[in-house]
Structures are given as C-alpha cells and as structure tokens.
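Letters A, B, C, D and E mark the chains as written, and numbering starts fresh at 1 in each.
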Amino acid sequence: MQKKIKQPVNMPVTTLLFLILSVIAVGAGIMMLLSKNPVHSVLWLIIIFFSISGHYIMMNAQFLAVVNIIVYAGAIMVLFLFVVMMMNLNKESEPVKNYRLHLIGVITGGSLLLIILSAIKKIDLQHPVQLKVGDAGLVSNLGKTLFTNYVVPFEISSVLFLSAIIGAVILGKKD
Amino acid sequence: MNNVLHIVWLVPFLPLVGFLITGLLRNHLSKALTGIIASGVIAAAFGVSFYLFTEVLKGNTYVAHYFNFIQTDYLTIGFDLKVDQLSSLFLLIITGIGFLIHVYSTSYMHEESSAHFARYFSYLNLFVFSMLLLVLGSNYIIMFIGWEGVGLCSYLLIGYWFKNIEYTNAAKKAFIMNRIGDLGFLLAVFWFIAKVGSVDYDVVLSAASISKLTATDITGITMLLFIGATGKSAQIPLYTWLPDAMAGPTPVSALIHAATMVTAGIYMIARSNVLFTMAHTTQNVIAIVGIATMVVAATIALKQNDIKKVLAYSTVSQLGYMFVALGTGAYTAAVFHVMTHAFFKALLFLGAGSVIHAMGGEQDMRNMGGLKKYMPFTKITFLVGCIAIAGIPPFSGFFSKDEILASAFEHNKILWVIGVLGAMMTAFYMFRLYAMTFMGNFRGTEHQQQHLHESPAAITIPLIILAFLSIIGGWVGIPEVMVHGGHRLEHFLEPIFRASNAIDLKHIPDHTTEWMLMGVSVAVSIMAILFAISKFSKYNKSDAPETGIGRILQHKWYVDEIYNAVITKPLARLSAFFDAIIERRGIDAIVNGTGKAVNYGSRQLRWLQSGQVGAYVLLMVLGIIILFIIQMFL
Amino acid sequence: MLGTYFTFPELLIWIPLFTGIICFFLKNQKTVRSVAIISSIATLAVSCCALYFSDAVKYPSYNQVNYIWMKQIGSTLHLGLDKTGHLLTFLTALSFPVIFITTIKNNYKNAAAFYGLMLLSQAGLMGVFSAMDALLFYFCWELALVPVYFLCSKWGGEKRIQTTFKFFVYTFLGSLLMLIGIMYVYMHSPGRAFEDGTTVAHSFSMQAFYTTALSLKDQSWLFWLFFAAFAVKMPIFPLHTWQPDTYDQSPTAVTMVLSGIMVKMGLFGVIRWLLPVLPGASHKFANIAIVLSIVGIIYASCIAMVQDNIKKLIAYSSIAHIGLMSASLFSVNEMSLQGMMIQMFNHGINIIGLWVVVDILERKTGVKQLSQLGGIAAKAPALTWMLVIIALANIALPLTNGFVGEFMMFAGLYQVNIWYAVISGLGIILAAVYTLNMIQKIFYGPVNSITENVTDISFNEKLGLMVIIIFIFVLGVYPQPLIELTKNAVEGLLH
Amino acid sequence: MDIKAYIILSLVLFSIGMIGVLVRRNSIVVFMCIELMLNSVNLLLVAFSKMHAISGIAKASPTYANDAQIFVFFIMVVAAAEVTVGLAIIVMLYRNIHSVDINFLNRLKN
Amino acid sequence: MNTILISAIWGVIMMFAGAFIQNKSVAKYLAIAGVVILFIANAQELWTGHSLFNINSNDMLRTSSYNLTFLAVILGCTGMYFLLSGRDIEKAGTHVAEYFALIFFILCGVGLSATFNSLLMLFLGIEIITIPLYILTGSAKGNLKSIEAALKYFLMGAFSTGLMLLGIAFIYGGNPNASFYINQIAIGTGPMTPMIAIGLVFLFVSMSFKVSAAPFHFWTPDVYDGAPTVFTAFMSTIVKAAGFFAFIRLFENAFGQIHDQWQNLVIFVTLATLLIGNVTAIFQQSVKRMLAYSSIAQAGFMMFVLFSMNDRGREGLIIYAAAYSLATIGIFAILARMKDYTIEGFNGLSKTQPVLAFTATVFLLSLTGIPLTAGFQGKFFMLLSAIENGKQIWLVIAAVVFAAISAYYYFRLIQAMYFKEAVSETGNAEDINGAFKFLLIVNCLLIFIIGVYPELIVGWIYH
C-alpha cells in the first residue's frame, strides 16, 4: 500500500483523494443549501469542514487541519447547533419559497462564478501545489512565526475578542 | 467764444428754466403767475432768437461749443449749438408761434386747476426747449435729443387729460410710432459713426466725409433718416398717430401737431440736404411717399366731421406737400411751406380751439353752424387761414404751395397733377369746414347756444397776429416771375442749400409755364371753394350712413384697422404665445421638468432599497459582476 | 497713510460685513435700521473716497491689498479695485442706502436678520467686484448669493420657497460649473513665487489667469462653463426663467439688490474672467452669445408687453436690457464696451428706482396687478412724475442716463453687424410699448376702489427717489465722469 | 495538484455560500453560508501558501509560506468573534419576533 | 502607534469603569479625558515623529505625518462627538461605559486601518471597527428597527468580509513575492495578471462596501436609519472617514502604479454613488434617513481621491473628512434631540431654537459645499485633484450637477427650519442647554475656520 502510494502512480491517488474530498465538500454544500431543516444544514456544513480539513491534511497544513476541526466543526458549529436547537426551528419556520427569486439568485451567483473562472482560465502558467510535504503549516513553525513576526496582530486580536465579549454581554443580557 | 452768437444757449435755456419753475412749483404758483412765467420765458427766448436772426441776416453764423456730451478716443460728440440761416429761421417760428400759443393757452386752459395748469405750461415749455434743441443742435445726437424730447412732450400733452383712457391711448400711440421712426434715425446715426466716425453736421456733410461714403451708404443713410422723418412728420406709413393726437388740448395741436414738431422731419432732411440730393432713389421714394400721403390724408379729410380731425388730416396732407418738395429737391420750398404752414395751420387750430371753447368742448361740426354772428374775430381770422391754406394769392399759402407744385412739375408731370388735385381737395375740405362751422344755422343744443360767445382777448389777439402773418407770410418768397428778387427766403437760405444746388442744378421753368401752373392751381382751388360753400353752407344734419367710397373715407381707409390686424394683433398674439407657450410650457417646463424628473427618479430609485437582505446581496453581486466586466473585459 | 493700515477694497468689505454681523445681535428694529443705514452710508463715503483716489498710478497702495491665504495652492487674498471695480463697487455702495431709505416704511418681521443679511450680501458683492484672485472671486460669488437666498425665502411672497430655491439651484449649478472652469484654468496657469521664497506650480491670481495660454480646444469647452455661470446670473435667454418669478416673489428691497447689482455680477464676470482668460473662445463664440442675447431682448420685451404683474413686467424688461448689455459685451469693440460699462451703472440706478416705485405702489394699494390699478396720477402726482422719469430713463430717452449707454451699445453692435443693431433696436420700440402701457395702466384712467385711498409719497421716499433722479439727469446730461472712469477698463479689455 | 484545481474548488464553495446568502431566508443558515465562504477562502489561502512554498521567493524562506496560514488562523479568530456577536444578534432578534426569517426584516426600506 | 495602543488600553479602562462606577456621567467624562489624551499623544507623535511606545510591528504598521494628521482629525472629531453627543450616549442604554469602551476599540481599529502596511492589519483593523459597530447598532434592544439594522449590518458586513478575504487570497496568490505587505505586491506596470485583477476587484468591492459606495451601499440607509441616532452619527462620520482612509491607503500603496488600469472601476462606482445617494435622498421624509443617503452622496465625492490619486486629493480627503464629520456630527447631535425625526419636525425651529437652527444651517451649508464652510474646501480639493488628474473632466461636471441636486434635500431642511411655521407650541426639540448650544457654535466656528483656512490642517501633512 505504502509503496504504491509512493510510486509515480501516487499522483492519481492524490488526485483521487482531492476529487473525493472535493465532491464531498461540494455535495455537502449543495445539500446544506437544499435542506429545509436548519439542523441538517448545520450537519452538512460540519461535513464540509471535515472535508476541508482533509484538504489541509493533504497539503500538510497540520495545524490548520486540527484547528479547523476544533474551532469550526467543534466550537462554532456546536454553537450554531445550540442556537438552532434553542430556537426549535423546524421546516415550517421557512414558509413557501419563491422559486423565481431562487432561480435569479442561483443564476447570478453562477454567473459571477463563471466570470471569475473565465478570468482564471487565462492563467497559462502551471502552478503546482506542494502536497503532503513541506515545513509550512507545521505547528512549531507556525507557532514561532506567530509569536515572533505576528505578535502585534496577535495581541491586537485580543481587542477584537474583548469587543465580542462586550457585545455578547450587551446584546445577550436581558434588561 | 467771442462771437455774440455764443449766447444762443439762452434760447433753449429760458424755456428750460420756465419748465423747471412751473413744473417744480406747480403746487404753489397761481395761474396768473404760471402764465406769466411760462409765456415770459418764451417771449424772452423769442427776443433772443430775433436778435440772433438779425445777426444771421448780417451773415454771421456760428457753432457754439459748450461741453462734450460724449468724449472718447474714437468718438466725440459735443454739446454744440449751431446758429445759421436754417436754424435761426426755425427759432423764430418756434419761439414766435410758441409765444402766441402760450398766451392763447393762458385763457384756453383757464378752467384747469392751478396745479394742472402749471403742469400744462411746464410741458409746453419743455416742448419748446426740446424743439429748440432739435433745431439748434450742431450734430445728429443733439438733434436726436430734441427729437425724442419733442416726442416725449407730445406724449405728455396728448395724454394731458390722463383720466380719459382713450386720450392716453392716443398719447401712447404717438410715442410708439415716433419711436419706430426714431429707430431709423438712430440707425442712420450709427451708420455715420461707423463710416465717418462723427455725427457733426459740419463733418458728416462735408465733401471729405461724403467721399468716404459709397452710393449704398448714402442711400441707406438717407432712407433711414427718412424713416425717422416719416415717424415725426406723420407720413405714410407712420401717420396715423397724428389725427389721434388731437386728443390733446387744442393749443397743443396747434403748436406741436401743426406748426412745429411735425416739421422736424422736414427740418432734418433740409439739414442733411446734401446727402439727399445725392441719393436719387431716396428722393424718389420721398416724393412718392409725400404725394401719396398728401392724397390719402386729403381724401380722408373730405369726410371727417370732427373739426380738429379735419385740420389734423389737413396737416398730414400739407406735410405731404413738404415732402414732395424735399423729394424733388426744392428744399427752400419745403422750408418756405413749413413757415407759411406754421402760420396758417396754427391760426386754424387756434381758431378751431376758439370755436370749441365757445361750444363748451363740442368738436363735431355737424353740431355747429352759423357761428359767424357769435364769433366775428374768430370767423374772420379763420377765413383768412382757410384762404391761405387753399392757396389763393396773395395769401401766404399760395406762394409756398405754388413753388412746390412748380418743382413737382419740373420733376414729374404726374406729381404735379396729383398735387393740384390735392390742392383742390384742400380747398374743398377747408371750406366745407368753414361753411359747416360758421355758415348756416346753429345746429347745437340750446344750452350750447346760450353760451356761445366771442373768446377773450388772450385768444383773439394771437388769432389776429397769426392771421396777419398768414396773409403776409408768403411775401418773403414771391416767385421770380412776379417780382424780381422777390424770393428773399431763397436768397437767405442759399448758404444752407449751396452744396445741393451745386449738385442738382435747378431747371427753372419758363415764365409762361409758371404763370400757367399758377393759374391752373388757383382756378381749381377757387372752384373747389365755391363748390364747398354752395354745398355745405346750408348743411343739415342727416343720419343717413355714408355709402361707398364715402364710407371708406370716413373710416380713414381703414388704415387703423389694417394696422391693428397686421401688426398690433399678431404682435400681441406672438407675445401671448411667447408667454404662455414658450416661456411657461417650454423653457420653464423644461426647467421644472428637470426637477420633476429628478424627483421621479428619486421615487423610482428608492424601490431598489427594498429592505430585503437577499435583494441587497443580489444587487451587490450584480454590482460585482459589472465591476468584473468593466475590469476584465472592457 | 491710509494704505498702510486699510485699503479701500478692504474697508468696502469689512464695513458691511461687521455691521451685518452686529445687526444680528440687535433687538430693536429701529436700532437695526439705523445701524444698517449708517453702515451703508459709511460704505458709500468710503466708496466716494475710493473714487477720488481711484488713480492707480498715483495711489497704488490705496486700492490694492494682498494677503497670504492658501499658499499651497497659490491663492492669495488679493483685493483690488480697477476701474470696473470702482464703478460697480460705487454702484453697490450707492444702492444700499437708497434701498434702505426708500424701504424704510416696510416693517420686516425679525428686522435684525433682514438688515444683517442685506449687509452681508453687500459685503459679498463688494468682494465679487474687488477680488483679484479667481478662488476668492468664486468665494464671494457664492457668498453674495446665500444671504439673498435667505432674504427671498424668508421675507418673500406666497410662492417664495420654491421660487427662491429654483433661483438658488440655477445659480448654484452655474457657479459650480464656473468653478470647474476656474480649476481647469488654474491647472494650466503659470506658477508664482511668494515674498518668502516659496513657489507654487500654479496660481489662482488674476495675473496668472491672464497669462495662461490655453489651446482653442480647451477654451472652447471652458467658455461654456464660465458662460453658464454668468449667463444664469445675468440672465441670458434661455436661462432666465428663474428671474421673473424670483423678482416677483422677493421682498422688494432684495429685488432691488438682485436686479440692480447682482445681475451685474454676470456682466462683471464676463469682463473680468471670461474675455481676458479665454480670448480665443470668446471670439469664436461671440456670435452665439450675441444672438442669444438679442433673441432674449425681443423675447423678453414681447413677454413684458403681455404681463399683468408689474414686478414680472419689470423683470422681463430687465432681461431685455441685460440682453442688450451682454450682446454689446460680447461684440467687444470700443463703442459697445464703453456703452456697456456706462449702462451697467445706469441700469442699476434706474431699475432700483423702478422697484422703489413698485414697492411704494404695492405698499399703498396692496396689489401688483396692472389691471387692478389706475388713476393714481390724480392721487399721487409726485409719485407719478418720478416714475415717469425713471421709466423714461429705462427706455433710454435722451438726456436721461439710459440714453448714452444704449446709444453707444447700439452703435457698437452696429459695427459688428447691422442686423444686430436693427433687431435689438426693435427692443427699444417694444420697451416703449410696455413701459408706456405700465405707466398708463398704473397712473392714468379713472380712479377705482383700490386706488382711491392712495396718498402721495413721503419725504423719505422722495429723498431716495430724488437721489436716483438726480443721477438720472446728471449722468444723462453729462456722462463724461462715467466714461472717464471706464475708459481704461475698456482699453484694457480690447488689448 | 495544480493550483487551478484548488482555485476552482474554493470558488465553487464560495459561490455555494454566496448563493446560499442569496436564496436562504433563515438568518442562521445565511450566516452559515457566510462561514462557508470564509472557509473556502481559508482553503484557497492554504493552497496558495503551499503553492508559494515551492515556487518563487517563498521557497528560500519558509516563513513566507507560513504567512498565509497565519492569516488563516487570524481569519478563524475573527470568525469566532463574529459568530459570537452574530449569534447574539440573532438570538436577540428571535427573542423579539420569534422568528429568524430575514424577510421579516422590512421595517427599514426605501 | 500611540493611538492604537492607548485607545485599546482606554477601552479596557472604560470597560472596568463600567463595572465599578455607577454614575453614568463619570463614564462620559472619562471618555472625553481619554480622547483628549489620545489627541495629545497623537499630536506628540505627529510633532516629534516618534511614538511613546517602542514596538516592533515587523513593518506591519507604518506611521507618517499624513496618517497621523488624519488620526488627529479623527480624534478631534471624536472629541467633538463626545462633547456634543455624550449625553445621548448616556441615554442610549444601560451599558454606557461599555458603549464608550466599544468606541475606543473602534478608534483602535481606526488607528490600525490608518497605519496598516499589511493586508492582515487592514483585515484586523476593519474587523475591529465593524464588530463593535454591529453591537452598537443593535444596542437599542427593545427597538425592532435597531435589531433589524444590526442583523442586516451584520449579515452583509460578514458577507463583505468574505469578499475581502477572497480578494486578499487572490492578491496573495498572484503575488510572486508571497507577501501580505502592501508595498511588496509585485505587480509591475504592465497589465495585471488575472489573479491580481480578481483580487483587486474583490478588495475594491469590499472597501466600497465599507465606505458605502454604490452599488454596495444598500446596507447604509437601513442601518443608519435603524441604529440609535447617536451611533449613526459616529459610524456615518468617523468610521466612514476611516474606511476611506484605509481604501485610499490600500489602493495607493498596493496598486498605485497601475492606477489607470482600475480607474474605470472608480469612475463607475463614483457615478453610481453620486447618482443613487443624491437622487434617492430627495424623496426621504425622515431626516435621519435623508442623512444616510446624504452620507452615500458624500462618499461619492470622497471617491474622487481614488480617481485622482494625487497630493491634492490626499489633502482633500483629510479636509473632506474633517468637514463632513464635523458637520454630520453636529447635525446628528441636533437631530438626536428633536422630538420628530421627519422634516416636518424641523418646521419653525428658527423660532423655538434659533441657535440650533442657525448651527444646523451652517452644517447643512457645509454639507452642500457653500464657500466659507469647510465643506466647500473639501469638495474644492476633491474636484481640483480630479482636474489635476486631467482625465475625464465630464466626471467632474457630473459631480457638480449632483452637488447642485444635493442642495435640494439639504435646503429642504433649511426651508423647514426657517420658512415654515412651527406645528406645535411646545417646541420641536427637548433637553437643550447652554453648554450644548455653546458646543454647537464651537463646532460651527471650526467649520468656518477650516473653510477659510484649510491650510491649518493641510499644513500638518507636510510637517
């Protein structure tokens, strides 16, 4: 197995993996859009996050892969789920759809995508992406960088959290 | 400065002082004082004028410079007064007749309140001032100042009884018609400025300047000047204001609309005679217009019943004669006729005034008749006037009219024929007037009859003086055929017309022809007189409406109506169209429409702000797409 | 001595400005009024002195002042009076006392604000006429407008708010377009050095503007930007529609300022900023401007003939007169310019006189419809003859001040094209028509119920009108002072 | 793998998120869609970092490649803060109108 | 640097003050003191060129006299805002100290977005600004409009954050230097690569969103309308100015050399903004909403700095920011004390409250751009910069046409105050005291001073 992977044929395998993960992500994304029940949407989104983490792992961005799972899938989505559950939202909370509006939305979003893609198509150079190896994204490397070069933004982001805390208090507290 | 004639400024200045005193102190002066001041200044002016005239007779002419009215690097217009043969003659006429009419007015206007009385005299003084400025000016601008000034005074005096809206309409009409002519005058002045760079007579009319002008220039300038003259001197097509101007007090009609102001056009053309002599086209036009005016006005006069209207049309007609003279190059004759006409027409108007005064304001001849027994002085003097205007020798009218006819004959036989026809009509309508007024039986009301009386001395004395002048006034211009050297006026005015005469040599008709011409016109006039007297001395009122040509004549050839339909109404309609359609529905609507469009846009644009987050995001995405298209594909 | 502390242009601006501000804080109507009158008379006195010392060669420091202002962009607070400036500042200085005195009978609600704003607008006008710096000019241009906006909107007639706003937007847009023009010229103007050695790449000073060489193509579109501002202000057909309504709705005192002085701002702008800065385009488009002006003359005169509202009638008459002035301005020759200069002053005097009379009439009768008036001549003879004189001056009767200017303007126009003179000359006939109509309908005919209680005018009004009438006659008989004053300005424009 | 593949994937995910914002009316779901958009950007950034890691200037100094991942980290930080505030707002809304449908938010318009 | 740190610290102090001090006005005075300290510290940095704190930000933040001048203006305006609206903040809700704390955090974000040199700092700065704003917008918890505004703002703001990040990602991807430093984006002077172009468009879009330029302005009217008036005043002035500053800083430093390649975007957005802002404002009946549209319209004018991108424009931006902020803060301060927010509510104000009416008029005239007021100088410098740029003069002409249109809605308010009769006898405004009037007049004087002598501010740029 390992040999096979390390063989020149491993390229198709990464491609395959990429494809599988991508299909999962996109499929889950579409399902998230389509599902009526918000709880399902949350679950589909978690699946997307997992597949994205898969991509991170594939690109040897270990730290982000882990953080993505912990922060996003773990903390944030649980928060979402919690809120959705608290509100007891079910299918009926979203009344009759206006299909024409939906169609317009999809067409507009799609055409933006197409336009950007057509621009991307003009890139003629091949830019390979380093997979599975490389120092960038290892926990220790990132940590060093974060606490040396990026210490100022790191500290400043505390302001952000402070304001978020204040916000949660102000908005959440019942008067 | 050393020339004695420098005191010429006194001549216009005195009436101006009179105007200021009577005008400003009108609420404080008694009538008597007003009358004395107003007449006094004119008398003084006459005195000065007479002195000047004697100086001029000695051959002394002068241009008095006082200050520069307009002085720039490229145009200097001095406030200069010119004393020469022509102006001094006019000075005499203006101040002389002016004085008589002032005296006459003191009595005629006595029923007015003292403030209005003073107002009247201040206007009269102002008129005399303007008229003097007109004739004294040494350039076209000073002349124009007087020119407009007399127009203004005419306006003020016609509308003197301002409570009557009809009168003020007439005043307005006079002013506006004059203004039309004035525009022509002004344009001619601009032409001078553009081509010659000056407006002084001495410069403009000098040979050097004329050589700068092309034939087109001369024709153009003279035509424009003539347009100016038609306005002021009531020629076709601008004559209709003059009959309406009879709305003013009768002395005013006598002074302004008969003796002086209306002759301003003749004065102006006589002043510019050199140019006119060189412009044959213009001369022909003048002659034709003159003769046409003469005939049209005379025909209308045949059927008028208002005593003043008859005289007014007669004035227009006589002015036509003068223009015929000008058109045929007989400048002296024109000036001569101006003078004699001033005498007899002033006389006639004042006489008519006396009649109207006696009749208590009645002007319709059909309500008069038989006045000779009540008003002997008036009757006599009036008769003198009628004879004079009819051209019966040796009354003044004969000499001047005859000279004009002779000149017309020289020029074109048809002109002469029409001229004689005109003379015949003149004699007819004048004696129709005389007969209807003084002969026959009184046809007015009882009340009027009781009040019939001869006018006071202030009225009759001027009448007598004028009658005397009407008789002898012509004797300064006795034709060569009668008395050798009898035409003293021609001799006197010779320096003025010297240049013209040099260009256009007079062809003097032989003596037989001249005698024959005189004979014909006198004979025709006498026949007309007899016919008129026989027809109208036993005139009785009849209510039968006029028919045929008479009706047309009574309605003055419907000229007013035609003007109304062709000019006044379309102009009013055009103005209303501008106001209602172009202004309000056009330009203003566009302006307001822009505002409304913005408002409308505002109302529509706000629907973009639907309140829906989804819609907002959608529009944002559309915006992104547009930006991408701009950035990537444009 | 004077020049070391104060110069005339400064004084002319500061006096009304400060007294204007002071006025806002006064309570008593009488006090305010007297402060305003004293201030305006003081300004007039200064202006007279300025005229006396107007010789720029002999008294250079009296008429010029130059402060550092926005150094970085090369704009200085440069005030100066040249001949045109003297003429128009004098007109402004003269008008205000006359306006104040003749309208003294009008009781304004909140008089403090009224007189304060009036004086502020005077300061702005003075600034416009003495600014030697393009940016400063624009400043004052707007500043003269804003107080007038408030005056009209606050103390005007029924429809004042919309009307005044239309006026404001019209002129505001026009002046903004001019601002673009100024900025564009600035960008191509030569730089200048200041006393302290700093230099800037471009400058707003008048000198710099005059020496800026612009291609004809640039000039061509810049011309229209400037023209828009000035044409709106004058106003030239077809940009005039704000004017009749505004004149109709404004309080008469303000209308006097508007029609007597503010319209001159447009002409002045052309003289000072359009012709010298864009000579090529001015020449190129002169005919269009002249034709528009002449069309305006006939058009406005025709409309004036059918107006029943006196104020609108005078407004249209003013459009016609201004049309003649702008036509002669654009025909740029000695006669026309000289005439225009004279007429700028005289038109100001005359039209203020007309408004004074209209104001009196409106106050006495409460109506401004010609059809409702009549017979006042019998009731108020002094008023009558005064109006008649002013009206006659307005239609340029000789020996009144209106004549000389119009005569020279026509003569100038004639030299450009005969038909210009002929067609615009029709205007004087039409002017006679509507003016005499107006006189007739107001004064003549029988007295009616509205006019039967009219009394003659008071001493104050007589005094104000007499000043105007004296000017009418003095300048009509002896216009030489005006000609002398403006001669250099004309020559300057021609070269 | 070529970078294009990652770009396309990210863009597709991003578009799905965007379309979700356009069509969904449940504000929580809309918010989730925005989170998806952020995640797609994260993915793209990581991909770019790994791209730069083997090309160009970043090859010499690995910190350059790290930069993008640090950026992703900060995005997560911000996202977390945003979620806190966002959910607080949504809860507050729910407390008031007992719905989270954004179409009910139409008091403010025009 | 001083500003960023001290404002963050002061925010924390305010937070704790809220926990320990019950008296509301203490918070206000503390906040005013904070702003004063900030202003002095900033002035010190501007004067000496050195920060009080020696922090190595690894070149992610860069100060210059230009951005310090801008910060000085911002802090000055904030001071004026606190002075004028301090009492309204007190009344906005129960968490007064926290509101002040949030505002100080926002100032920290403003400091970041004014001095950033790295896209990361830009991102953080923008987020530090917006997240507190979501909270402030929703701070009137009982008011459905406020909540609605907060949610709309939040959803759309987060969306635009996504767009911005996508843009950053593409810029990073297309940058061979693999750097987030905006001065290290290797783009050359030739045509852009597609990656850079895409990134640029997204960044442009997201920044346009932040400064509420059309067609990305849709959140603005609703949010400004819904938010408590006092906070609307803050976010429509200081925050917007900061957004513009970040906008111009980003595009100038990162893409300045290929300016002409993206100028068309600016033209489109500028025109759209001017059109929508000005035209839509005309119809508004609510003064608050009208001011929201007016802020869009004013943004259209500020966009000129991006169009022309020259010294004159940079100077102009600061003057514009000062002029616009001072005037808008003033008018909002007055609005906050009006009983009725519709235009009719202002009817006859000149009778009941002449000082308020006068000052409001000055503010409105300044917003219209009448000479002698600061607003004129702002517009003047903007237009001058566009003309100096030399291209597309028609855009300038369009701008002045819209400026004339803007007079329409500003003057409606003036007309209401001065030329219409008051509806009620009790007066239109409440809670007006002498100090407030005095401060309004001070604000007016500032507007006049800047209007007459803008070099007072501009001079500092070249200090």
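By definition in this document, a residue touches a chain if its C-beta (ideal position, glycine included) is under 8 Å from a C-beta of that chain, and two chains touch if they have at least 3 such contacts.
Everything quoted here is computed from the prediction, not taken from an experiment.
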_Quick check on the contact network: minimum steps from chain A to chain C?_
2
_For chain B and chain C, chains touching each_ = E
*Which neighbours does chain A have in common with chain D?*
B, E
*Quick one: most central chain, C-alpha centroids?*
C
_Can you tell me which chain lies farthest from chain A, using the average of the Cα atoms as each chain's centre?_
B
*Provide the C-alpha centroid distance between chain B and chain D, rounded to the nearest whole angstrom.*
97
_Distance between chain D and chain E based on Cα centroids, please, to the nearest Å._
26
*asked:* From the mean C-alpha coordinate of chain C to that of chain D, what's the distance rounded to whole Å?
replied: 65
*Gap in Å, rounded to a whole number, between the CA centres of chain B and chain A*: 103
*Which residue numbers or ranges of chain C touch two or more of the other chains?*
169
_Residue list for chain A, restricted to those that touch at least two other chains_ = 101, 105, 108-109, 112, 116, 119-120, 123, 149-150, 153, 157, 160, 163-164, 167, 171
_Show the residues in chain B shared as contacts by 2 or more other chains, in ascending order._
595, 606, 609, 611, 613-614, 617-618, 621-622, 624, 628, 632
*Let me know each pair of chains that touch one another.*
A-B, A-D, A-E, B-C, B-D, B-E, C-E, D-E
*Interfacial residue positions of chain E with respect to chain A in the complex*: 4, 8, 11-12, 15, 55-58, 60-61, 93-95, 98, 101-102, 105, 108-109, 112, 120-121, 124, 127-128, 131-132, 134-135, 138-139, 141-142, 193-195, 197-198
*In the complex formed with chain D, which residues of chain E make contact?*
119-120, 123-124, 127, 131, 134-135, 138, 141, 144-145, 147-152, 154-155, 158-159, 161-162, 165-166, 168-170, 172-173, 176-180, 221-222, 225-226, 283
*Please name which positions on chain B make contact with chain A in the complex.*
614, 618, 621-622, 624-625, 628-629, 632
*Inside the complex, what are the residues of chain C that reach chain B?*
166, 169-170, 238, 240-242, 299, 302-303, 305-307, 334-335, 338, 375, 377-378, 381, 392, 397-399, 403-404, 407-408, 410-411, 414-415, 418, 421-422, 425-426, 428-429, 432-433, 436-437, 440, 443-446, 477-480, 483, 487
*Which residues of chain E touch chain B in the complex?*
152, 155-156, 159, 163, 194, 197-198, 200-202, 204-205, 209, 214-216, 218-219, 221-222, 262, 264-265, 268-269, 275-276, 279-283, 405, 408
